[in-house]
Amino acid sequence: MPPRRRTLINIIAGTWAVLAAAGDIALNSLPLPPGSATDIAGSETQVIRILAMMAWPIFVAVVAGLVFTLYVDRVAPDAREFDAQTLRGNSRVQTMWIAGSTTIVLGVAIFGTITLANDTTVPTVAQAVPNTPLEVQVIAQQWYFTYRYPSFGGFESAHLVIPSDREIEFHVTSLDVTHSFWFFAAGVKADAVPEHDNSVDMQPLKTGTYRIECSELCGIWHGSMSDDNAQIVSAGDFNTWAQQQQQLDAPIMKFLPPYSHTYVPAPGAYGS
Amino acid sequence: MTALPQTPAIHEPDPVVRSRSLILGSRLMLGANLTAQLSFLFAYLYLRANNNNGMWHPDGVSPPPIGLAVTVLVLQVAAFAIVWAASSALNRQPGASGFVRILELGLIVGVACLAFRLFQITHLGWTPDKGTYVDVSILWFFFLAAQVFIGILWLIKLLSGQLRRTVPVTVADLRSAAEYWAFVTVVSLGVFLLVQYVT
Amino acid sequence: MRLRVAFLGLALIIVGAGIALFVTLYLIKTPPAVTAATTNNSVEGLPVVNVTLTTVGAAGTGPHPNWVAYLNDNGDPSTYIHAPANSVIHMTINQQDSASGLRNEYFGLVRGTVDNSMKVNGKTMQAIDPTTAAHTFTIPDLGVSVPLLGVTSDQQGNPPQNVVEFDFKVPGPGLYRWQCFVPCGAGTLYGNGGPMQTLGYMAGELVVS
Amino acid sequence: MVDAVAVSKTPAAPRPLSRTLHQWGLLLGVIGAVLGFLLGYFLGGLGFVDNNSNGSNIQILLAYSLSAVGFLAGMGFFNRLIGSLLGQRPPTLADEAYLHGEGAGLSRYFRLTVDHKVIGMQYVVMILFFLFAGGLGAMLIRGELLSPQPSYVTPESYLTLVGLHSVIMIFMASAAIIGPLGNYFVPIMIGARNMAFPRLEALTFWLLPPAGLILLSSVFLGGFPTGWTGYAPLSDQAVLGMDAYLVAFGLIGLSIMLSGLNMITTVITMRAPGLRFTKLPIFVWGVFITSWLGLLAAPVLASVILMEVFDRTFHATLFVPAGGGTPYLWQNLFWFFGHPEVYIFIIPAFGLIMEMLPVFTRRPLWGYRVAVGGMLGVGVLSFFVWQHHLFVSGIAPALRPFYMFSTEAISVPTGIIFLVALGTLWRARTRFTVPMLFVGAFLFNFLIGGLTGVFLSDVPADFSLHASYFVQAHFHYTIMGGEVFALVGGLTYYLPKMTGRQLNARAGRRQFWVMFISFNSTFLCLLAVGMLGMTRRVISYQPELQGLNIAASISAFVLGASMLFWLGMIVWSLILRPALATQKNPWESLGIEWQLPTPVPTYNFDTVPVTWALPYEYDTGQPAAIPGRTQPALAGGTPT
């Protein structure tokens, strides 16, 4: 290998190391979405961060390899030089590459499975607060989300308000077509499917006002099926709000159907 | 550009390659057909397992009358067996025309099978709003009827070419047709068992 | 050669212009607008403007005469409401359609209007039986939702109608979509197809400027 | 029998009337389409199915289906079928030659012609038409998204716009490389004189223009709100435009399936003697593997569309929970087709770039066998990953780890493609031609596309990213940044062979840089807005994301302009610029397709060469095989 080429390789490798390290340090400290408003949002952020920190060095390495091989040895389009060396493949390099990528993939898959298992079982953070989860039903319809609180007499609300001190158990269902309940900051996304109960648990960690949107195409107002006033509030505020809401709902309460995980509404599929 | 000889104006395709292509093509078609049938099978079993709202098989819906269903199935098997026999006959004595009579019989039985299938579909007493068992079954019956129809067209093509002495039937042609009928028959048998007994 | 190029270019320009025209017309087609009428009244210091709509079971005109629709004063299907910012809209809806019932009973509640109530034929109400609702007038982003009582078969008048009146506040400039929550697109799946997904019938926009 | 005697008396008699009709096939096809439409409309109106207030589905369905049939009948596709049912004599060799367009001028491009090269050129024109029609949709969408509230497009038009853009592009992409370049070059590369089933090949092409027009015509019926995924039960609810989607998608699926069948048969049975599978050019491998995906996946689409038609037209309840159905049925079956479908887009692009790499690096493809293995692996795995589209749908949570693993496992065979590319480029004296630039850009874009795919395959990350603009940007990186870049590069590479004209290299280089940079600035912005929580297919979004959206829109306009400029370059080189006698083999490729004269003779080869090697032996400078004469054995070229 000529010395000039070796120097070039060293420069490229050095650039890769610097870029990869700088990028990973930046990624490690960047406030990546969806944030840490709830436990699962936190773990999603963590997964995205770790995947990004793995992907970035690979990206830089491949791009550096491409730039190196393409740029350093390039010739003009009409050049007539040939490289005498003919390489047809190298089984050692191939085996290493395949083994390496398989290892990475296995690692990512196992890591994802563990995170998933943690997310879908008992939340790790909230053990200090002994309580039962608060059940909140998300009812999607064309084109609005409404929420029912079965432990408060089953009242219904047009906005989502949840207390920050309790584990929340969302039960997502739909009255017509498929919607998807996306509470971005909470890291919750669950399809709302008619006559199907889709359940997600989470533990809020931060109070605040957040956005909810529908993330499955559901017709003309899909783009407007959002609410910027979803709130995670303290336990006291939540109780106050629940009482107010119960008063507001008083005139309609006697007409609401009994609480159930799925509904078969009265006007059937094709009317009547 | 001028260094090469001109290609001949008329090029004759190689008959050996042509017949290999036809056999392979018809088998690939069966592969594609199979995935379509599998998606119906999936729909059937999936909806049955879901039974949303208790509407897989609501009250008042009964499987198709067994007599008619058995008739259709028997005709289907018979048509296949006869076409297969014709294929074997031709295979034993290539060039002989003894298979033609058998194939004509196969065509008649095939048409009868299609007629009974259509009769069955129109006399089920089902309407599409009577649950998903009904929906998948009707759709599947229609799909099968279309398959039988294609098989009939295939036999007509072979027979008319043979009878008018324009395109003599080759062993490979008839074998492809027989394989097609075998496939449709196996699927029909499966559908019969499912719709009658796995309700 | 020149001629051919010129011809080709001309043909391309004509076809291109035609496509552009069609696309433009398709994209910007909107139903006729309803502009709020100003009044001298005021509620809580905000000026009051009047909007009147009529709901019918069949529009009678336009490309879909058998669809349910909100009509403007001229009797055309129209759901584009123009209103001034920071005002109170006094809405009068002549409800002439019969009841078909709510899918989500919660929308039987009057919400987001001044005093959280409405007047039906002069009578103040806070909620109606969800099965008697013919339509709703709901602006989700403003939290406004008013169920419209369906006319019954024994009701008098020509045509028989329920006059629903309510006031609601309009914030600063913006575009707010509104819709009906009664699945009234009869014959379509879940009653939410057809008129429910077509501007001018049961879906509309409130343009505040 | 009287007929048969008459025919047998004059076996090779020309049939002037049928040829005249055939000559005017396109016009007759249009007439047939109109008649078919009217007939279908009439039959559907006879009232054997109840209409709903959206109008009569059956009328529209029958009208569209019969108009497609009428079009094909007018083109003459059923002549042979009906003839064989009636037992007519098969066409004579003279008839076949006529059908191949032998001796015909430009007119063979405007009628039913079974020459694979003519069909390849027809595909080029159609693909470009739909690429730019879909691109116009993209520009309108980006224009609308300049503001976070609906501005000049109404919400209902917006959904139709999104739907049309997506289906047109899916439809274009599923044939973008395999259609023009696959049809044109696969038979040549395997030393065949035509495809195995030439009429079927013409049919796969002529199914597509009606499909495209039917799809576009949905705007006259109120459009369709479902995007390309057509999720039921929203599609059960939609207006009549949905029926246009169903018929068009059905025709597209049929075309994909038949094209797959034809390609597989051709590659298996029509290879020249001595051309083993181990000596196939890598592009042929790509097309071959893709064809299997098309053959096995597209029938599932056909049957699920049949179910949807049944639901919409006869009020069956296969997808309606109240009647016992479930939306998951559509989602499962659709994605069982849909995921192999996206590999139908990309595997030919893999093959194409790996075909071009040796030419510009002047050396053999590094690791030919692992490259084939990589594409095979992608193809096989693609059938086992479809549920990653359903991670948030609430079904089968227990299966999520499996699908997460299988999806991530696809990155191993995909990574092999990068290994092969890097290995081939390693220390090569790469010639920086315009197609080579596109190869490099393909690798860069697809790298981003692949790495973002890992985020989406990871279930916890997918909870946040699913159905957001992140997904949208991810698949645009793979399809637009991958396949379309490969297509542009591939057409630049192959146009000299197909048309005898070369695109201007200087203009091409500038166009490339504008296209590459604006593409990346568009979709990097969209990756970001997706991570920040913007949903796909929305007309209104969070006001705080407006800045990034404006940046993406402006970049997209530049991208659109650069694509238009590329189209202009093609038109310029084909029509406006005086015909230039270009070099026969401007890239000095050793591929057999470049050893043929330009234009390629009707039946490609005089005699088919019998000794083959991989066409990448740039160290010896020997072509794999020279058509027209029988080669002595080459070094390393003997069949093994």
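Just so it is clear, A, B, C and D label the chains in written order, and each chain counts residues from 1 on its own.
As a convention for this text, a contact is a pair of C-beta atoms (placed from the backbone, for glycine too) under 8 Å apart; a residue touches a chain by one contact, two chains touch by 3 or more.
Because the structure is a prediction, the values reported are computed rather than measured.
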item: Most distant chain from chain B by Cα centroid; value: C
item: Chain pair bearing the highest count of C-beta contacts; value: A-D
item: Centre-of-Cα separation between chain D and chain C, whole angstrom; value: 43
item: Inter-centroid spacing, chain D versus chain B (mean Cα positions, whole Å); value: 30
item: Interchain centroid distance [CA atoms averaged], chain A/chain D, Å; value: 32
item: Centroid distance [mean C-alpha coordinates] between chain C and chain B, Å; value: 54
item: Where chain D touches two or more other chains, by residue; value: 52, 150, 155-156, 225, 233, 237, 315, 317, 320-323, 326, 328, 540
item: Touching two or more other chains - residues of chain B; value: 52-53
item: Residues of chain C whose C-beta touches two or more other chains; value: 177, 186-190, 192, 197-199, 203
item: Chain pairs that touch, as defined at the top of this document; value: A-B, A-C, A-D, B-D, C-D
item: Chain A - residues contacting chain D, complex; value: 32-34, 40-41, 43-45, 47-48, 51-52, 55, 58-59, 62-63, 65-66, 69-70, 73-79, 81-90, 93-94, 97-98, 101-102, 105, 108-109, 112-113, 115-116, 119-120, 172, 176-178, 180, 182, 184, 187-191, 193-199, 211, 213-224, 226, 264, 268-270
item: Contacting residues of chain D [partner chain C, same complex]; value: 52-54, 136, 140, 149-150, 152-157, 161, 219, 222, 225, 233, 236-239, 320, 540, 575-576
item: Touching residues (chain side chain B, partner chain D) in the complex; value: 1, 4-13, 17, 20-21, 24-25, 28-29, 31-33, 35-36, 38-40, 42-43, 46-47, 50-56, 58, 128-129, 131-133, 135-136, 138-139, 143, 153, 156-157, 159-167
item: Contact set on chain D toward chain A in their complex; value: 52, 150, 155-156, 158-159, 225-227, 229, 231, 233-234, 237, 315, 317, 320-323, 326-328, 362-364, 366-370, 392-394, 397, 400-401, 404-405, 408-409, 411-412, 415-416, 418-419, 422-423, 425-433, 436, 440, 443-444, 447-448, 451, 454-455, 457-461, 463-468, 505, 531-533, 535-542, 618-619
item: Contact set on chain D toward chain B in their complex; value: 1, 3-4, 7-8, 84-90, 93-94, 96-97, 102-103, 193-194, 196-197, 257, 260-262, 264-266, 268-270, 295-300, 302-304, 306-307, 310-311, 314-318, 321-326, 328-329, 332-333, 336, 584, 597-598, 601-606, 627-628
